[in-house]
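You will see subunit A twice below: alongside subunit B first, and alongside subunit C after that.
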Partner chain A sequence: MTPARPRLNAGWLLVLPLLALVVALFLGPIVNILWLSVTDPEPGLGNYAALFTSDSLGKILWTTLRICVICTVISVILGYSIAYAMVHAAESDRKRMLSLLLVSFWISVLVRTFSWLMLLGRNGLVNNGLEAIGVISQPIAFMRNELGVLIGMVHYMVPYAVLPILASMQAMDGRVVSASRSLGATGAQTFWRVYLPLTRPGVVAAALLVFIINLGFYVVPAVLGGGKVLMVAEYISVQVLITLRWGTAAMLAALLLFGVLALLFLMSRFMKLSTVFGGART
Partner chain B sequence: MKPSTTARLNTTLAWVLLVFLVAPALVAIPVSLTSKTFLSFPTDELSLQHYRKLFGSAEWMSSFWQSTVIAVASTLLATATGTLCAIGLWRVSSKAGEVMRAVLLLPLVIPPIIAAMAFYRLFVPLGLIDSYPGLILAHTVLAAPLVLITVSASLAGFDVRLEQASRGLGASGWTTMRRVILPGIKPGVMAGAVFAFISSWDEIVVTLFLSKFSVYTLPRRMWNGIRENTDPTVAAAAVVLMVVTLVAFLIWALAARARAKGLKHG
Partner chain C sequence: MHDKQFLRETLLEGAQAFQAGRMQRRTFLALCGMAGFASANVLAGRAEAAAGEIVMWNWGGQSEQCHTSAIGNAFTAETGMPLKFDTSGPLQGKIKEMVDSGNVTADVCDADLFDAVALGKTGHLEPIDYTVVDKTKTIDGYALEHGISIILYGYAFMYDTEAYPDGAPTSWADFFDTAKFPGTRSLYKWANGSLEAALMADGVAKDALYPIDMDRALAKIKAIKADTIYWGAGSEAQQMIVNGEVSMGMIWQNRGRSIEMETNGRYKMVMNQALAMPGAYIVPKGNPGGPAVMKFIATAQSVPAQLDLFACLGMTPTNPEAIAALAEADQPYSITSAANMPGIALNDPTWWGENTDMAVNAFLEAIS
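This part shows the complex of A and B:
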């Protein structure tokens, strides 16, 4: 055996280039932004105090949280249904299902948002179709409101919800279901009392993952919200690029950052993060 | 056990949902073939005029070129640094190494809007806004964690005794890396490179902050088109963007299959 010390050093040497890039270009500037949130325009907690005094800030945070919660609940329920079907499908079907899931995962968010624009507009396919078959007489407003943002976000988030749930279902010992059935429980009882509780870590991890990505979502709310549904990420970009109020933007970024890190920590208690992030793309 | 009615119903629902996940994106295809000059579905005839316009436009073509240059350069950088780092952490394999791994995965989990602010804040005084180096470096930082993850997954299945044997037979650390470790994890490195390419090729949020006039990537130009919401050329561009992504997906799927085979035989 080679002595441990030189091997250790060689290993760290290989880590160095990426570490240098991440620290210099990413973590350093983020620390700078955290600093800005308590120094710009003047030192103190003024930017944070504005949270309690400014109506617009409160409204934006409330909109963001509300949309994130609704989107998370819907995505996790739909994701659970897909994951359940995948686990119980035959091998060949499961592969086909996984392919569909991954293809949707891979298509650019920009392309998908553009497509929703075409589908949901006043003269979009959905409205025209519904009018043609006589279901509605007036076009439904699907866009420039929370409904449109929710449709686009749920559509984007479902694959993210499926993967952690799928992992927890696959890790489960299938014999407990047989045991429950042979002890006389009905299918429904088995599902609610045995299956669902056993997959809870996956559900919690999925919910947290979806919620985290939703919190900082920019593209879908900006396009499908059409300026009417302002969420945190879009508001930050306006502060930085247009009104140049770095202090407010930095304060919101700090809130977002600590929120995300706290949720990640919580998530790591329910599931090994590598299962989620490693599994997310394989 | 025979599946219950509820389970069968759920399977049907799942298929509908899965089709619904993919189908909407395909809407860009008919829209790109419309014979009209505004964004619409084709009604009577199909036309390729918007593709002709896309490929004949100096602006769109320069965006293609710029996106390709940035994606290729950041893929190379991210794959090199990410792979080295994964090997390094694999060798270290200690508690400190795992903490380091978590730190290096942060660019993947911190919302892109915060990354955009950070890069913007750093690049303005350095004069890197609206430049190739700025976008390449930013995309490298965002893409490297993806390489780190896939290569680490490959290394987890790599037999550590192969490395020990190579060192024991007198090969240097560098030779062992080049002749033993790298060939063993090649599928993982390839998959990581594909991820890195796609993540740069599709990246929009950070690019919105860093690109102004002279460097204008494909997603950046599409973003403008989507905001204006009139010119069907955007639909043609969306189709091209999607095709490139799907080709990369196929490459990844083949690499994954090769990796699975390698694990079985190895």
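This part shows the complex of A and C:
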């Protein structure tokens, strides 16, 4: 029977190296970035002021936001449908669906990006096929534009959307649906008024997760956008590596960081975050 | 922040040793703990150990093998110092970060001459020692205080011969003429070369490109924006051409040479009005190998090294003696050959060194 206090201390000692590593390797660089954003090229808030005066920064942020929102909406709707199908499939089918989902989850983003080019590119399988059977005379421009970026991003994000939604659907007590039906609600009514509200934490979690990951997309827009779709992650990289405007890059990075934190804070006002990320238990 | 890389390496090695059973758990944990504060002390020793070799920072791929055979072997034979590589690509931002952090691990960077101007001005580079390196063994004007051009690469364009059976494009004016030569084109995403091409297409003489008239160049770029896609890496440029995504594409001339050879001339490169870019060797401030690196740069200027770099990488020599020694069959692919030279525009590293940030950002805004 050891008293509680020393045990707690011993625990902290074990955690200490990790804590030190986190501080040194994670918080340190973040503070450095924040510091850069107000000191480079000169001390002050000039980098942040540029947000309101520079048209090109506004354009980049708007492009990023627009694509992220569209991608999130599509991914969550697709993810919801897939999760719904999985929950209602037979056990063996569900396992097969899950492994298919996870396989695509594990394939590198580079491989997927270039596969899309081969499939939907100007001389890709789809365009060549359609031309061969005479459906189209000119190749359809699926890739190297905003549509291409959306296709690539949605494809990457769907598994991220499915998993939280699936978790919340599985955690739901299926009997409430039967109860709703037995009380005379139609199928549609049951879905909109019982099923959807009960799986809302999963939907919110999926949307948050997808949106936040979307904000940092780099490879997909850079390759599938054909240079015309400039999102904030690629812009930051250019400012760091090529133009050496580290202050601008740090400001945008800080903006992303605080944007994500603000989003999480906003959500926490409406629901417990632990609920969102820990499944559907309330 | 200078301990990042070292920490990562130490912990990785430690973790591997622990996994393989070569290190006890306790030792490994202690290592993790110490890594938090001990790295600064270890670093000093590490830099000392690094002296006695030259580390070249290049772009990987074939270049590691080519730089060894063309320069490294001769240099090692003469000085006894081995040549090692960091193949992560010495972009300006990375060189700046390395020097600022105080943990310089590279001796010579395979970079651009405009990097020498930009980073020289901010004090991130060692000056070239012209008592060892020979100013006359390069193109006129390409031996600067903080860097010297060793090879030339270039921006040319290629077209698909099947797309234009009756009459091939021969100049940037044709490249920008979507009425006469319909089809998608590709340009370089980071402005370099694309701006000069646009100006030449708009009628600016090749000797009057600098200072670049940004408005004029961007107007021309925007005029064909709907028919243009943009590449960021050489491999991407190559794919766009050989996969038929574009009918005409801007390309690095050494890559164009290999595409033309591999496809037996299906895709043809137009060397007229190509922009010659001085690839330069620059030395980060406080390089671990010290002054010995100047000897390495001098070795790279020698005729055999220059000819080898051409044979291996397709990079055009800058040493006039090496240019004269090129075989007849290689002349068309050498930017500075007698046949090509009259049509070639020479890049101005000083303008780019001073204006890269403005030019790249304005270009990105125009194309996105």
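Operating definition for what follows: the second predicted complex is superposed on the first by the 263 of 282 C-alpha atoms of A that agree within 3 Å, B and C clash if a C-alpha of one lies under 4 Å from a C-alpha of the other, contacts with A are read in each partner's own complex, and residues count from 1 in each chain.
By our rule, a contact is a pair of C-beta atoms (placed from the backbone, for glycine too) under 8 Å apart; a residue touches a chain by one contact, two chains touch by 3 or more.
Keep in mind that this is a model prediction, so the values were computed, not measured.
Asks: Based on the superposition on subunit A, does the combination of subunit B and subunit C result in a clash or a fit?
Replies: clash
Asks: With the two complexes superposed on chain A, say which partner A:Ile242 touches: subunit B (first), subunit C (second), both, or neither.
Replies: So A:Ile242 only meets subunit C here.
Asks: Touching A:Ser56 in the superposition: subunit B (first), subunit C (second), both, neither?
Replies: The answer is second: A:Ser56 touches subunit C but not subunit B.
Asks: Among the partners subunit B and subunit C, which is in contact with a greater number of residues of subunit A?
Replies: Result: the larger residue contact count on subunit A belongs to B.
Asks: For A:Arg122, using the defined touch cut-off, is the partner it touches subunit B, subunit C, both, or neither? Pick first, second, both or neither.
Replies: Second partner only, subunit C.
Asks: Which partner does A:Gln138 reach: the first (subunit B), the second (subunit C), both, or neither?
Replies: Touch status of A:Gln138: no partner.
Asks: Based on the superposed arrangement, let me know which partner A:Ser92 touches: subunit B (first), subunit C (second), both, or neither?
Replies: The answer is neither, since A:Ser92 touches no partner chain.
Asks: Could you say whether A:Ser182 touches subunit B, subunit C, both of them, or neither, answering first, second, both or neither?
Replies: Touch partners of A:Ser182: none, neither subunit B nor subunit C.
Asks: Which of these subunit C stretches, 41-49, 95-103, 113-121 or 221-229, gets into subunit B when the structures are overlaid?
Replies: The stretch that clashes with subunit B is 95-103.
Asks: Once the two structures are superposed, pull the subunit A residues common to the subunit B and subunit C interfaces.
Replies: After superposing on chain A, subunit A residues 16-17, 21, 25, 28-29, 32, 117, 123, 223, 240-241 contact both subunit B and subunit C.
Asks: Tell me, which parts of subunit C touch subunit A in their complex?
Replies: 1, 4, 7, 29, 32-33, 35-36, 91-94, 96, 118, 184, 187, 189-190, 225, 229-232, 236, 239, 243-245, 356-357, 360-361, 364-365, 367-368
Asks: What residues of subunit A sit close enough to touch subunit C in their complex?
Replies: 16-17, 20-21, 24-25, 28-29, 32, 55-56, 59-60, 63, 117, 121-123, 144, 222-223, 226-230, 235, 238, 240-246
Asks: Using the touch rule from the top, collect the residues of subunit B that touch subunit A in their complex.
Replies: Against subunit A, subunit B makes touches at 1, 3-4, 6-7, 10-11, 13-15, 17-22, 24-28, 31, 39-41, 80-82, 84-85, 87-92, 94, 97, 100, 102-122, 137-138, 140-141, 144, 146, 148-150, 152-153, 164, 167, 173, 195, 198, 202, 204-205, 208-209, 219, 222-223, 226-227, 229, 234-235, 238, 241-242, 245-246, 248-249, 253, 256.
Asks: Which bits of subunit A are touching subunit B when the two form their complex?
Replies: Per the stated touch rule, the residues are 1-2, 7-8, 10-19, 21-22, 25-30, 32-33, 36, 78, 81-82, 84-86, 88-89, 97, 99-104, 106-119, 123, 125, 155, 158-159, 178, 181, 187-188, 212-213, 215-219, 223, 232-233, 236-237, 240-241, 249-250, 253, 256-257, 260, 264, 273-274, 277-278, 281-282.
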